[in-house]
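For clarity, chains are labelled A, B, C and D in written order, and residue numbers in each chain start from 1.
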Amino acid sequence: MLKHSHQIRVTYQETDKMGIVYYANYLRWFEIGRTEYMRQAGITYKELEEEGIFLPVLESHCEYHQPARYDDLIRIETTINKLKRVRIGFSYKILESESDELLAVGNTIHSFVNQDFEPISPQREKPELWKLLKKNFDKKK
Amino acid sequence: MLKHSHQIRVTYQETDKMGIVYYANYLRWFEIGRTEYMRQAGITYKELEEEGIFLPVLESHCEYHQPARYDDLIRIETTINKLKRVRIGFSYKILESESDELLAVGNTIHSFVNQDFEPISPQREKPELWKLLKKNFDKKK
Amino acid sequence: MLKHSHQIRVTYQETDKMGIVYYANYLRWFEIGRTEYMRQAGITYKELEEEGIFLPVLESHCEYHQPARYDDLIRIETTINKLKRVRIGFSYKILESESDELLAVGNTIHSFVNQDFEPISPQREKPELWKLLKKNFDKKK
Amino acid sequence: MLKHSHQIRVTYQETDKMGIVYYANYLRWFEIGRTEYMRQAGITYKELEEEGIFLPVLESHCEYHQPARYDDLIRIETTINKLKRVRIGFSYKILESESDELLAVGNTIHSFVNQDFEPISPQREKPELWKLLKKNFDKKK
């Protein structure tokens, strides 16, 4: 899987008085993007947490090209752009679905930690997960 | 304490494309109201949770009189309007601070539960907490 | 159309430290419910606003039966439960999709207003809209 | 003014099931930071919009060092770190107020636009605003 694509509709709640989507909401869409990416890849983030693996965000970045607007159908395209021993990175594109216009691009970096927020190595402790992520990451290259 | 009063400023994020505050945000303000009420009464909700008592919401109600707007200073007035063996109710008024105009009124009902969401009786299990809540509730009558 | 049914997935952002969905988010789901109801009925809320009709919320009510949880697929069932000269009411059920377990029920009341928040009569000013809403409301009875 | 400091308390709504503040909320705090910075500098963002100047976000970036937690008092430190003909940049630090522990750092870049989202030059069209921003920016250097 090079990338995963997921479609959502912009809600009223996400807009602000400028008439466009408030900028922090793109980070919520990034969350939806990586969640659906992982589900598609064969593991849900929910299962990961049940097995004691958490992916808190270390860094987020977003460039806003065109404003998303109320009731737009948007497409979130997600890919793994980094896979290190204790870190994983995702990159995202937000597009207006019908016109394919690019609305925003961004990325997030996450660490693999246990319930006590201590770094863990998925390669050692969850080899199956690691294999899965690695496979998807390598296909991308 | 008959009621507790707390002031906040409306943020851009809370507005929507109608140019006014989105209706679900009043419930977030109610949360701030009851949190500060309890702090003022002598116990923080954070401490309650640390002692294993949670107050999930059973019911919420809000009437919207006048729209709150960006950068308004608003006042949240909170009081306990119900105190039963395993339930507590709060009522709220949202006012524009300078004009004292009433923007909204509402209330929430909560159950006392433990970490497994099982009902508990604060009167039996946390007599000090019960005394404190009872005292504030009785003053109101 | 007696009622309209729409399915969404619970995101991480919607949860709180109690491990369940924060109570104000149900009002965001209600918004999605009535938006999709109207789209299904043949008119989008976006178009309504473009024609100068707005539906600000006058009242909201929600009863929380069972907590919604992260990654749950939930179903929002929406129906029109009130249709007066200048007001419209919607009622909602939130269910866990697979088990059909009832998570919450609620309702909202809205006024028909113009861009200056002055009440308008859709029956007089937008007879087509009124006919559409009336038809759906009557079917319900 | 080198920088402006503003204090807020973390709400329950801002936490997620990991027990810490959800990452998109830092961008909402950045908004509060720059709003209060401008108010302190002598102009409110609300007035800016009333005069037809808007500052949509072009870019956001945040590094998360330590998680903010429920009921924490946090301090937002804001400064202008960029001032170009049609752009302005703010940088932010989020600190736990009592311990001064650094929780996050970030920045945002904004364009100056009119109501139709067309770029405008504040230096030419709002010389008073420009002077004010310039003065604060220069002090920083």
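By our rule, contacts are C-beta pairs under 8 Å (C-beta built on N, C-alpha and C of every residue); 3 or more make two chains touch, one makes a residue touch a chain.
Here the structure is a predicted model, which is why all the values come from computation and not from measurement.
Here A-B and B-C were compared by C-beta pairs in contact; the pair with more is B-C. Distance between Cα centroids is largest for the pairing of chain C with D. The geometric centre of chain B is 29 Å away from that of chain D, both derived from CA atoms.
Work out the mean CA point of chain B and of chain C, and you get 25 Å between them.
Taking the mean of the C-alpha atoms as each chain's centre, chain A and chain B sit 34 Å apart. Multi-chain contact residues of chain D, defined as those touching 2 or more other chains: 12-13, 20, 24, 28, 31, 70.
Across the interface of their complex, chain C is touched by residues 12-13, 15-17, 19-20, 22, 24, 70 of chain D. Within the complex formed with chain A, the residues of chain C that make contact are 11-13, 28, 31-32, 35, 44-46, 70-71.
Taken together, the chain B residues at the contact with chain C in this complex read 18, 20, 23-25, 27-28, 31, 54, 56-64, 67, 108, 117.
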